[in-house]
Amino acid sequence: MDRFKKGLETMKDYVADDTLKKMVESDALADIAPDLRKMIIEFAYGDIYSREGLGKKKRALVVITAVVTQGAAPQTKTHITRGLHAGLTPKEIVEALLQLVPYIGFPRVQNALTIAQEIFREQKLSVK
Amino acid sequence: MDRFKKGLETMKDYVADDTLKKMVESDALADIAPDLRKMIIEFAYGDIYSREGLGKKKRALVVITAVVTQGAAPQTKTHITRGLHAGLTPKEIVEALLQLVPYIGFPRVQNALTIAQEIFREQKLSVK
Amino acid sequence: MDRFKKGLETMKDYVADDTLKKMVESDALADIAPDLRKMIIEFAYGDIYSREGLGKKKRALVVITAVVTQGAAPQTKTHITRGLHAGLTPKEIVEALLQLVPYIGFPRVQNALTIAQEIFREQKLSVK
Amino acid sequence: MDRFKKGLETMKDYVADDTLKKMVESDALADIAPDLRKMIIEFAYGDIYSREGLGKKKRALVVITAVVTQGAAPQTKTHITRGLHAGLTPKEIVEALLQLVPYIGFPRVQNALTIAQEIFREQKLSVK
Amino acid sequence: MDRFKKGLETMKDYVADDTLKKMVESDALADIAPDLRKMIIEFAYGDIYSREGLGKKKRALVVITAVVTQGAAPQTKTHITRGLHAGLTPKEIVEALLQLVPYIGFPRVQNALTIAQEIFREQKLSVK
Amino acid sequence: MDRFKKGLETMKDYVADDTLKKMVESDALADIAPDLRKMIIEFAYGDIYSREGLGKKKRALVVITAVVTQGAAPQTKTHITRGLHAGLTPKEIVEALLQLVPYIGFPRVQNALTIAQEIFREQKLSVK
């Protein structure tokens, strides 16, 4: 299987079908950097996420942690959403964010929890 | 149970008995900031690591990811060691680090893998 | 005194009474992570801010510097506001931000000054 | 030539005449930190950008890379705009951002490309 | 007074006479970037540290906080040393570092305390 | 041409023949993460560095800037060395680092200049 197909296949574990369909049909950066989406699909998903030896929920958790630690807001929204799709529960996501407090401090955790809250409300999910 | 005891109890999931014994008997920063160790045990372990809703291997993974993303070398060594004690396999740790490449770039991943390699060699562990 | 009470007591040095009252009555993250506010009050304020050996204005300055250096915008607003309440003058805050230029560069200082300006205007404070 | 004049002179390589005129006539932070603009003109432009030994396009590229790596959004907009004025092509800017993917990861590159796209559209520039 | 002289004069508040004498007589980077030292003296000390409106101990505290938050180890050593010379007590420095725990997390604070401890030992200072 | 070959071919612009030969013959991380080197060659060099639209000296400059801004010491050494091989002069590298002072502050620039100095001495290069 080529890397692009493998990437798209792997993305199904993290992205809902309709969202994925939209991503394939319309690329927001198509006019200036069409290769970025290709790289994300081929390299991030085709080469990396698809590897064996670590479960998809743990991979999602690692990526959420990285973008929260960097303070990257748009990606925090994207990857919490993908983590939920991969099977992480809202509770696990909240606990992972609280687990970060002693290591990255309150500010970035608080910002990430605010983003998580918005996603949970949109998806009518509760933390229990 | 008080927070300090609860913290020490929780640390047993992440730290080998003899290392924990040494930590309790001798605190490297005792002469200038004895409260730091107390805070780590009470707050990080007693209040946070001990929470329910996320397994200990996932907590360890979240912490490893945070310190690697920050580029904090001494803590990368500490928390990979604790992650192994918590039950993460060398393979899972390597995969988690490779999963970070698309999100934090090669440099910090490469530095963390070099630290992981050193720990695996000391503990005669192989990645498979 | 228990840690929560001590934390609330300490917060009075940094937060106006009506703001504190609102914080206690309504917690924005109550539905997903009620413990975060508890940790901030008990750990950040009850355990840390309340310590002896460093004045409250200097503590506020340290925290403002940390969040500005991290580029954490919402916390920059929060902690400049708290620094003013703790007794820092607008002049001292502006000087502290300019003092950062040689160490963190113009971009984050400029962003923080823009936030400070907004707060000073809301509170009708001038820098002199 | 004094440092302020030299700074303004150097800025002409990076900033359009009408924008520069506006910057000189009205300083957004004049009421709280009038010295910041003075420092940027005298130190950043008068002392540093004006140095010999590195071309203006390369200087612009270095600054764009620094602010993108820091994740500083307002400055990313400012310095991509200045880079275009200094003679970098939209293509060179896009390529520089893609070149960052292996070193800082997708998130900050994606955010920077979105900002670049907005600037290119405003200026009716295409990437070819 | 010219900026270089003003910078050297201001540095006396932060640097011991014999250290300053050595810095002036021998510049470690003289063969590749002699202007860096000049910029530090003229810009950092002559233009910024010398400003009015914030005391020298507070300026030192702001700079220590910035370099600790960045995780810049050599500068942490330099600026804790300068802070002591400016009149900060070992106790104030330790308290400032502990105050950072809730905002930047344990790892960078622990690394900074280890550096502080080394300086205090060299200077035979105790924390009380 | 496959991505690995293309990557190796591209690396020749940045890495001396004997160093490249050693890299191919012996991979320091071979026992725990043999795929990392493969990814660096295929993705970083095969997919990215090999792209058109930005010259190799500018690509090297962008990468040097990114790792210096992150404060990643081992990679600063690697990429200054590769930048010299790609044709950047010692002068251009020093100027690029000084250009960063207003954007990332003195500390990381000073650390990077110290690393550059060491490389220039090893290669008996002078800055002029």
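Observations on the model:
Per-chain residue numbering starts at 1, and chain names A, B, C, D, E and F are given in the order in which the chains are listed.
Basically, a contact is a pair of C-beta atoms (placed from the backbone, for glycine too) under 8 Å apart; a residue touches a chain by one contact, two chains touch by 3 or more.
Here is each chain with its UniProt name: A, B, C, D, E, F = 4-carboxymuconolactone decarboxylase.
Remember, predicted model here, so these are calculated numbers, not experimental data.
Annotation of subunit B and subunit D: jointly contacted by A, C, E, F, touch as defined at the top.
If you take subunit C and subunit F together, the chains in touch with both are A, B, D, E. Interface subunit A/subunit E: over half of the residue numbers present appear on both copies, so the contact uses mostly the same residues. The angle of the rotation superposing subunit D on subunit F, based on CA atoms and rounded to the nearest 5, is 180 degrees. The centroid of the Cα atoms in subunit E and the matching centroid in subunit F are 31 Å apart. Among the residues of subunit F, those in touch with two or more other chains are 39-40, 43-44, 66-67, 70-71, 75, 94, 98, 101-107.
Considering their complex, residues 28-29, 31-33, 35-36, 39-40, 44, 66-67, 70-72, 74-75 of subunit E touch subunit F. Interface residues of subunit F, counted against subunit D in their complex, comprise 40, 43-44, 48-49, 51-54, 58-59, 61-63, 65-67, 69-70, 75, 91-92, 94-96, 98-104. Contact residues of subunit F toward subunit E in the complex are 71, 90, 94, 97-98, 101, 105-111, 113-114, 116-117, 120, 126-127. Against subunit C, in their complex, subunit B makes its touches with residues 39, 43, 47.
Of all the residues in subunit F, the ones that touch subunit C in their complex are 101-107.
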